[in-house]
Amino acid sequence: MSGNTFGEIFRITTFGESHGPGVGVVIDGVPAGLAIDGKFIQSELDRRRPGQSALTTRRQESDQMEILSGVFDGIATGTPLAMLIRNMDQHSADYSGIAGVFRPGHADRGFFKKYGLRDYRGGGRSSGRETAARVAAGAVAKLFLKDMGITVAAGTVEAAGIQVERRDFSIVETNPMRCPDEAAAKLMEQAVLAAAHDGDSVGGIAECVISGLPAGLGEPVFDKMDAILAQAMLSLGAVKGIEFGDGFAAARLRGSVNNLPGHAGGVQGGISTGEPVIFRVAVKPTPSVSMRQQMETLDGETVECAIKGRHDPCILPRIIPVIEAMSAIVVADFVLRNRAARI
Amino acid sequence: MSGNTFGEIFRITTFGESHGPGVGVVIDGVPAGLAIDGKFIQSELDRRRPGQSALTTRRQESDQMEILSGVFDGIATGTPLAMLIRNMDQHSADYSGIAGVFRPGHADRGFFKKYGLRDYRGGGRSSGRETAARVAAGAVAKLFLKDMGITVAAGTVEAAGIQVERRDFSIVETNPMRCPDEAAAKLMEQAVLAAAHDGDSVGGIAECVISGLPAGLGEPVFDKMDAILAQAMLSLGAVKGIEFGDGFAAARLRGSVNNLPGHAGGVQGGISTGEPVIFRVAVKPTPSVSMRQQMETLDGETVECAIKGRHDPCILPRIIPVIEAMSAIVVADFVLRNRAARI
Amino acid sequence: MSGNTFGEIFRITTFGESHGPGVGVVIDGVPAGLAIDGKFIQSELDRRRPGQSALTTRRQESDQMEILSGVFDGIATGTPLAMLIRNMDQHSADYSGIAGVFRPGHADRGFFKKYGLRDYRGGGRSSGRETAARVAAGAVAKLFLKDMGITVAAGTVEAAGIQVERRDFSIVETNPMRCPDEAAAKLMEQAVLAAAHDGDSVGGIAECVISGLPAGLGEPVFDKMDAILAQAMLSLGAVKGIEFGDGFAAARLRGSVNNLPGHAGGVQGGISTGEPVIFRVAVKPTPSVSMRQQMETLDGETVECAIKGRHDPCILPRIIPVIEAMSAIVVADFVLRNRAARI
Amino acid sequence: MSGNTFGEIFRITTFGESHGPGVGVVIDGVPAGLAIDGKFIQSELDRRRPGQSALTTRRQESDQMEILSGVFDGIATGTPLAMLIRNMDQHSADYSGIAGVFRPGHADRGFFKKYGLRDYRGGGRSSGRETAARVAAGAVAKLFLKDMGITVAAGTVEAAGIQVERRDFSIVETNPMRCPDEAAAKLMEQAVLAAAHDGDSVGGIAECVISGLPAGLGEPVFDKMDAILAQAMLSLGAVKGIEFGDGFAAARLRGSVNNLPGHAGGVQGGISTGEPVIFRVAVKPTPSVSMRQQMETLDGETVECAIKGRHDPCILPRIIPVIEAMSAIVVADFVLRNRAARI
């Protein structure tokens, strides 16, 4: 109930902080008999890990994943599948300077008000590092979905105000922005580097397409397909909004138009229609910037100082695999839940 | 797990269909000692009920609520508080003509694919009528929050493409659009009536402000304040998107700007900051329009026909109290969950 | 989380008090397509309702059940199935005399300490009347299990110290004790009437046999078949113990003997073996007796007084259908949960 | 939902198998600010670990616990507290001989029927080794309860048919049987060694006393204090029954007697009375015995063979700390849940 568990049947519980011993996940409900391809899980983690390009933080983490339980001879046994990723390159000392202040745009102050204490080392639990555990779990979900022909693909469709003009998700892994438009990717990359040069950061919009879904997934009334995907996406600290299909633009259409195929984004009344589910999420600019900022101290005063540490000037490239992972987890859960829908 | 329960401590389970005996809700976790003001609950239901103005469906439902349990001498006892609202004016015959087709823009087809059978009478469980139960539960949540100084106010900030220029939520109940800008309200009203005249419908955007929240509410990492609000809003069939604070516009800001106060919408890293929580939801145009449309039959063929029944040409006026109700339920739950945050 | 919901997929939420408007249940997760036989549900309620024989309370309740949702043309639609049973013959006035005292052997004092207020009318939520809702839900579970050949039968195997010598569960409905041994039933009946004549009450032991179960039901490690059955049984206020198979007697066997077939009661390591699941529950004597007793007042003083009201001198006959109902609910849930066990 | 999570607010999820890399637990909901005494947790694990005396298995496991998350400077941060205990002395080869058979009295066959595959190495997930994770979690619960003056003490009150005549729980740690009666302990010890000498095993009865509980804990109606304790105890593979207070003996008392103080075991109607909560659990003889037994093969044939491996001739001494741990977890959860009981 404390919020670190997600899903009903394919259910994940994550643990770990950015500067503690490591992060990990327990997946309860992996169907027995599923082949667990450790190399694939690792390759998904490699997509998220820091240090991939000039666009991402220089923190070096190999993110080597160890399976602690739930697999025997390469096959899921039906018991909890636990995975551990140890932290290797935490520079906690970087953060000692900000132990007395709350970083703007972060959860620091909220955690302090909530729990009455402060784990100042790099955001602790609220750090994006926690999402490594989600990616590992998402990789298992992808393995489960693959056999059903369900795939998840996400990409950066806008960054620093630059929008894509085409969407070819097959090229997403060929550029550091994970952008489905090669030309736009180059412009985005320049904009990100320019912001980084200024000690600043940029945001953008990610789009995700889930293909191969059968009609009829999603649970009325509170656990609608889109409702749970929305929870999943907003559970990422950097995400500030989500829209399905035409989304906010649909609010300006007339019903007779919006009822036509292609507007709904693959979900009607919370239930999948059988068409691809399409949604976009708004990703804010990374709050950790190296330029000096106004910050509130633990005593409520305002000071100006700078945050050391190694940060991503744009989180889009690394949040893409996380969005895919969370989507896969949501869909895997709905597939399993649907098995109980009929006699 | 089948999706009709929402919340962890202040937990609601709704039941009922649009054309069955009625709709209702069981709230488990109402704190003992809370004064239950039945008149206030009824007044909230009256805000949602059909037939309030020319802008809403002509279905006549008094939506009289009966408390079945959980209250003794006007005080919540701590046991489940159940409420029942009987259906009075269902015209099931209106729907017999569409028993063989799936209405476009509705969950009809998804339910059929999921459950293998069809309750064709007005959408059954997926009807907006189910939200009456949520409004009743939300009224109880509001009673709980009121004593803490927490209030929830929502209004229509865009309809048929017409946007407000001012936001005075105190006037929302004075116009049929529930719009916080009197001048815009008039224009919206004309646009809705014009669409209705064409046998069509329009959508819009609602904004909600939750005031008086203490800092520190929300549960890392999956049950973030914004994540659960997003689930709550997307659990409404007409909602296609949500954004907090600057939302999608934040994706175009630099970090140094977005970190300044006022952009986040009162939630950082999923935890309330103590400022008002502000979000907007995209509401699609009502899919039930009276003009003729292409529809898919149960056998997969396409036919053209019209939907009888009495529908809202714009659902904004009636979804406003539902948005408030779901917000109040979310916040009440987080307030109670927070009691366990510390030793 | 407040404890009025039970089950994961076949999930029931009950509401209602003994002297309020009524009691009811919402079942979420009834598989779509199940034929809902209202007469069977009513017949199960009739087995539990008061006033069946001289052995039970003289309170007259017809316990007429109304289906509020979830059924269309006699078939479960997959949406929440809600049922309501109105109270008709509550004599709240009987209880006004004990508003200032806690009845011994009841939850009165616990509820007061927990919630800070007192619903003195017949125990309120802690009354056995709440179990009517469970019986209604259990009847639906039985309908689901019947098609799989799974049956549940319970009977009184001991009352007032009198034990059965044979177990023919087919005759249970032919005697007022619901005893599987006709001769023992007569002796039990006399003992119950003798206790009633003294203004006192007796307890006993019920046995339950679940037949037709496939091997492999139950969820390691916390939701073992026997663990959840134990929760289900101890959730009945009158039950003070449970044992499976040889139970407490197994504690005196050597492993080589206890490992032989027939000792385990159909469950090993929490998973069904495919043999019938057999357990016994200890049912305490009804705490409501008409003779004068020492009671604690709300102020902590001790007084001697008598409880008016109409009580069962032995609850065994009426708890039998409740035990069956809860067992059926547990098994139905495990059957549905098991559908997700494998790829 | 797959059954490896227990508790609502103080919620544990365990993982791991007897012969995999290790076992562990994630506790979500540890209240922030709790001092986490790692030495105490280790000392509790030492009470459960194998190899303590001639009465327990000779498997050598140091059971060194590593905290992976949730603690900063010795204080719980409110985020998930994960602990890992690596397996060191697994002799998987011992089990290769029984890969083709199901051990009698174990969950082997049930797991195979459920999941369709076989982790034959020492019971895998159903091994008692999983309980190490529970003991670690229980130690954290005890730390939380200690400050409230709530203590949990368990002991062996019967083994091999030998019953205690006195109950001095303060001496439990002074004898290898963890028996509250020194004289009985000696007789029990001889009986256990005699059974071991025969290649056999014995069972017994454990009693647990929870002291210092306030009145009003427990949640009506399904999550009664005794119902959840019953689930917790029956979730231990070796436990076949539980009774509270007079338990099965209460079934033979008259109501007027049973209503007197001291019979109920500290819980009435599922709510704590403020008196100590007392219950007993029936522990079956260890099913792993070294003498030859009839076993079923994976093909359904019966063969006679012997189980190698290192087993406990009586599990009572080592289950005592597990019973305490589970009790502490249950009570900690109820204490936190109770914080939401009133406005």
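Note that the chains take the letters A, B, C and D in the order they are written out, and that residue 1 is the start of every chain.
The rule we apply is simple: a contact is a pair of C-beta atoms (placed from the backbone, for glycine too) under 8 Å apart; a residue touches a chain by one contact, two chains touch by 3 or more.
Computed from a prediction, not measured in an experiment: that's the story for all the values here.
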Subunit B and subunit A - chains in contact with each: C, D
Comparing C-D with B-C, the busier interface by C-beta pairs is C-D
Chain centres from averaged Cα atoms put subunit B and subunit D apart, in whole Å, by 46
Between subunit B and subunit C, what's the gap in Å when you average each chain's C-alpha atoms? 38
Interchain centroid distance [CA atoms averaged], subunit C/subunit D, Å: 27
Multi-chain contacts in subunit D: which residues touch at least two other chains? 1-5, 8-9, 14, 29, 32-33, 78-79, 111, 114-116, 125, 220, 337, 340-342
Parts of subunit A lying in touch with subunit C, wherever the complex brings them together: 1, 8-9, 29, 31-34, 78-79, 144, 147, 220, 336-337, 339-343
Once bound in the complex, which stretches of subunit B touch subunit A? 1-6, 8-9, 14, 104-111, 113-116, 123, 125-126, 130, 158, 160-161, 195, 198, 200-205, 214-224, 226-235, 237, 240-248, 250-256, 258-260, 264-265, 268-274, 282-289, 291, 293, 337-338, 340-342
Subunit C-touching residues of subunit B, taken from the complex the two chains share: 1-5, 8-9, 11, 13-17, 20-24, 26, 28-29, 32-33, 66-70, 72, 75, 77-82, 84, 111, 114-117, 119, 121, 124-125
